[in-house]
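Below are two complexes that have chain A in common, paired first with chain B and then with chain C.
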Partner chain A sequence: MKRLRLAIAGLTACSGCQLSLLNCEAELPQLIEVVDFHYFPMACSPALLEGEYDAALVEGCLSMPHENVLLLSLRKRSRLLIAIGTCAAWGGVAALKNGESRKELLQAIHVCDRISSSGYSPQPLHAFVKVDAVISGCPPEKEELLRLLAGLLRGALPAPIAYPVCTDCRMRENLCLLTEQSRLCLGVLTLGGCGARCPSMGVGCEGCRGPVPEANLEEALDICQQKGYDRQTVIDRLRRFCPEWKS
Partner chain B sequence: MSVHFITANRLLQLLHLLRQRGELHAPLRGADDVVRFAPLAAGILPDLDALRTLLPPKKYLLPPRETILTYRDDTNYQEPQVTTIPLILFGLHPCDLAGIGYLDRIFLGEDPDPVYASRRAALTLIGTSCSPDQFCSCHLQPSSLSASHDLFLQKTDDGFAVSSGSPGGDELLGTLAELIEERELAADDTRRYFGNQRKLPPQSELDPSLPDWQELAEHCLGCGACSICCPTCYCFDVLEFGGLDGRSAERLRHWDNCLFKSHAQVAGGASFQKDRAQRFRYRYRHKYRGFGQLKGIPSCVGCGRCREVCPAGLDLRPLAERLERGAS
Partner chain C sequence: MSRPGKIDILTRVEGHGRVELVRKGKRIVDARLNLHESPRLFEALLVGRRFDEVAEIACRICSICSTVHKVAALQALEQALNVRISQQTNLLRQLAVQGGQIESHALHIFCLALPDYLGVGGFPALASVAPLELQHGLKIKALGNLIQETVGGRAIHPFNLLPGGLGSVPDAQQLQRLADQLSAIRDSVTAMITFVSSLNETLPKLPALSACAVSGGPPLFGDRLATSTGVTVPAGSAAAWLNERNENNTHAKVSRFDGKSVFMVGPLARLNLSMPTEYGKLLDATSITDSLKARIIELHQAVERAISLISQLLNEGLRKETPSTITPHAGEGTALIEAPRGILLHNYRFDERGICSAANIITPTAINQAAIEMSLKSLIAVNSDAGYKNIKLSCERLIRCFDPCISCAVH
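Up next, the complex of A and B:
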């Protein structure tokens, strides 16, 4: 089997998604055998983009002009470009304040109003380039990353997930935090595949994996309202990971 | 009438004897108040008052996720070696027994599923009676499915009238002789809601223009709880994952739901059921009319789980009462 030539890059994000890959310690020796991590600045130096790649795995959203240059270069050089993590897929936490004035936000952070920034409102990858596949999550599950790489080795993209966290949760025979305990849980609107990690520990889903396809926002907001959570509270919470939720 | 009878104070002894024959599982109420089928430790009484466990016993026969094939380039595809130990499920209600009966017809029919078959062969089913609550509908819908069991315990005020429903049950009953007394019971209150043969009238196709499909679709959250918790929903998706060595692979099946976008989707993204309204009609057809080889045999066993777990409180029952009127 041909070795997979990869570029792995981080844009505006916490590097946690790349770290999740590096945390696959048991599998790393095997990975090195089959994957050429040619460009992976977080893990290997020197790191220079060179030639073409079978795939580029990109973590993070875009908020600075130099990131656009890097992303376009990765896109041009790579047969496949894959968004890794919720920031790359949806904007994520960095895009939390996208609805507010950049000027005021800069002032609030830097106090002094003479500091200029070339930054702009953080955007997901698909706002700029064609994205071939998405692995969502904050961070993604290790298993998803390993399956992605094993699939890429064979030229395959991951099958998209079409069910919410509730599916994972009920399969684990969990109590429903929202309907049975009146606790705010965003599982019903959030993409599954995490095995309902948080609700299984009694913690309501925070929506970190972004929206599930065909999410029924209106019905979910109604149920949350019946449980004592008003629309804005729920929308605000959803937007912490995905600014595309509309109220 | 004369019945085999076990008094309530001998229940622990009964469980002890059963445990000699394999792993014993029964409904238990967890600290979170959820009732689940789970291993029953010695000296613990099962929760025989709970009307339904969150997941039905299908989880033992068709786990939520499992490997159905493994591949290696030197051995090609291989079925997994399923090691089954004798498993005794105690405290199954008639709806769940009927649910297992339905799954048997699917998975042990013309083309038996080997993994299911080996698990099923290791299973002993011991039913107990119950009284329906507001979610149950076994008593409202005569069903041709039978609540097949090895033993059935009919609750009375001070114990259980025990009957056998299989050769295995007869044999098991023989080993319980020390606990059994013969007793005269006044009336035969066996209240079996299953096995009432039902001749279905010729059915017209379900009208796709009924506003009900759209109405259900508008409220459905697509969470999957209805089918996950259904004793007779057996739809699964199959995925194959290659190994990192490039020479191995694993094929998994996991529970699916006919209301998911991906359920009727095929290569290239085309779908046989593009919207939820269409999918509801499909779901209804399976639950109340049956399809495929079991066309004409409704698969709903009336356990009430879908009604109880739906976050939006959706219920196909009122529609069924309207559309299936005269069917019983």
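Up next, the complex of A and C:
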């Protein structure tokens, strides 16, 4: 099998998507044999973009001009560019207040100095480049990353997920937190694939994987309202990870 | 083939930074650390959010340190809202924090730092030059993650740790399994202490650094800061004492203390303030180049502490509990806790509806910037003739001794 030549980069983020890969402790020794982690500054030196890549795995959103330069270079050099994690896919937590002026946010905590004033409101990768596949999640599941790499080694991309967290929850035969226990859970609007990690431990889905395709927002808001959660509360929660949710 | 792209960034650290060397004629006269990562403005993002969202959002500051951020945020908001937690929750949170300590130290030692000592570029090459150590290291790291996952529900961004308690309490069997696995890796951790102590340090010995750490509680926890110079600062005055300022060369605020003193924080600083006698001869706890040894010693301590926390939990018997009910009201709280890289402070104010009206988060790497700056100057002073490339490499290596977490620092 041809070794997979990868570029793995983090932009504005917490490095959690890259760490999820490094958290595949049992699989790393095997991965080392089939994957060339050529550009992976978080874990390998030197950080030198060189030649072409089978794929670029990019974590994080963009909020500084130098990140655009890096992203364009990664796009140009890579056959496939894959958004890893909710920040890369949707903007994520950093984009939580994209509706407000960045300058004012900066002034609230930083004296607006010369360097950081060049930044802009966090944007997902697809705002700037073509994205070939998305692995969502804050953080993504390790298994999804392993499946991605296994697919790439065989020249394929993983099938996109199109079902909500509720599907995962039903598979695990959990009681519904929202309808049966009147607790706020965003699972019905949120992309599945996490095995309903949070609801399975009695914690309502916080929407960390972003919107599921064809989410019925109005219906979900109605159910939440019947359970005592007003529209604005639900919308605010949804926007914690994806600023594109509109009321 | 396209041309190689010049990427001038620090590698094998979390986040984005670079070293800038200052030349005078042909000589390098100074080196500066520039943390140029984009600020996500967490303190501003948190304002306006309800108390029960604060810890979920704040833990996203950093993945490696997400458990400790979560616990610090919970402690601060619980203090502000007068929330009492059970002894069981308290012990489980401590256990999760020890899990984070194990994972973070193992990641640093066996994936990020070891390549410096063995002359290779990263963990993939370790598979050929130090396969056994890499194998041990990954096993230890995995166990740190398993602890965080068992208690927190997930190794990164642990959702099961909630204001007032836990979503689900792990059962006795799960904890027993963790204890068994921890006991099983004890020997390999001890073997790794010997291995790490045998590594050859190529950086010159640098002037001693004063140390600062959290004290007054169980390991890694406390309610005040203590320094190796004899200063004690209660949690409520810690932010003022740390004295964070905006400076031009970095996106992270810099702690300047009283304007003259410089303190390091982290594993070496913690050992400096409370050295277990059996390790006293193994390292010099004022010398930053001994920090890898400090980390492996702490890894050993964390394994032992996790075992004892589990045995205490099992002895007291695990009970199903639901999180305490919280009635929002106005208040302010400050938590101090030791993250893997040093002192972490979370401070929040809430209005009468329980909405966050102010947040202040001070992270270890931000605090360490002054100590890094001072160490870099000392390194340049003894090494200024080594040539640009060598100096740059030793500067990067020195910075790695602090195991910087730049996403935390800038947040």
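Convention: the second predicted complex is superposed on the first by the 241 of 247 C-alpha atoms of A that agree within 3 Å, B and C clash if a C-alpha of one lies under 4 Å from a C-alpha of the other, contacts with A are read in each partner's own complex, and residues count from 1 in each chain.
The rule is simple: a contact is a pair of C-beta atoms (placed from the backbone, for glycine too) under 8 Å apart; a residue touches a chain by one contact, two chains touch by 3 or more.
Keep in mind it's a predicted model, so treat the numbers as computed, not measured.
In the three-chain model built by superposing on chain A, chain B and chain C fit together without any clash. Within the superposed three-chain model, A:Asn216 lies in touch with chain B and out of touch with chain C [touch as defined at top]. Contacts of A:Leu48 after superposition: chain C is touched, whereas chain B is not reached.
Touching more residues of chain A than its counterpart among chain B and chain C is C.
Of the two partner chains placed around the shared chain by superposition, neither chain B nor chain C is touched by A:Leu72.
Of the two partner chains placed by superposition, only chain B is touched by A:Thr179; chain C is not. Contact with chain B, but none with chain C, is seen for A:Ala162 once the two complexes are overlaid on the shared chain. By the touch criterion stated above, A:Met1 is placed in contact with chain B alone, chain C being left untouched.
Chain B and chain C never share a C-alpha pair closer than 11 Å once the two structures are laid over each other.
No residue of chain A is contacted both by chain B in one complex and by chain C in the other. Residues 1-2, 4-7, 9-16, 36-41, 43-45, 47, 49, 53, 56-57, 60-64, 66, 107, 111-112, 115, 121-124, 127, 134-135, 138-139, 141-142, 145, 153-157, 159-160, 162, 167-168, 246, 248, 251, 253, 407 of chain C are the ones touching chain A in the complex.
Looking at the complex, you find that chain A touches chain B at residues 1, 27, 30-31, 34, 146-147, 149-151, 153-154, 156, 159-160, 162-164, 166-167, 170-171, 173-176, 178-179, 187-188, 212-216, 219-220, 223.
Residues 10-17, 19-20, 22-23, 25-26, 28-29, 32-33, 36-37, 39-52, 63-64, 66-67, 70, 73, 76-77, 92-94, 96-97, 105-106, 108-111, 113-116, 119, 122, 138-139, 197-198, 201-203, 206, 208, 236-237, 240 of chain A touch chain C in their complex. Those residues of chain B that touch chain A in the complex are listed here as 32-34, 36, 54-55, 59, 64-65, 218-225, 228-229, 239, 241-247, 255, 257, 260-262, 265, 276, 309, 311-312.
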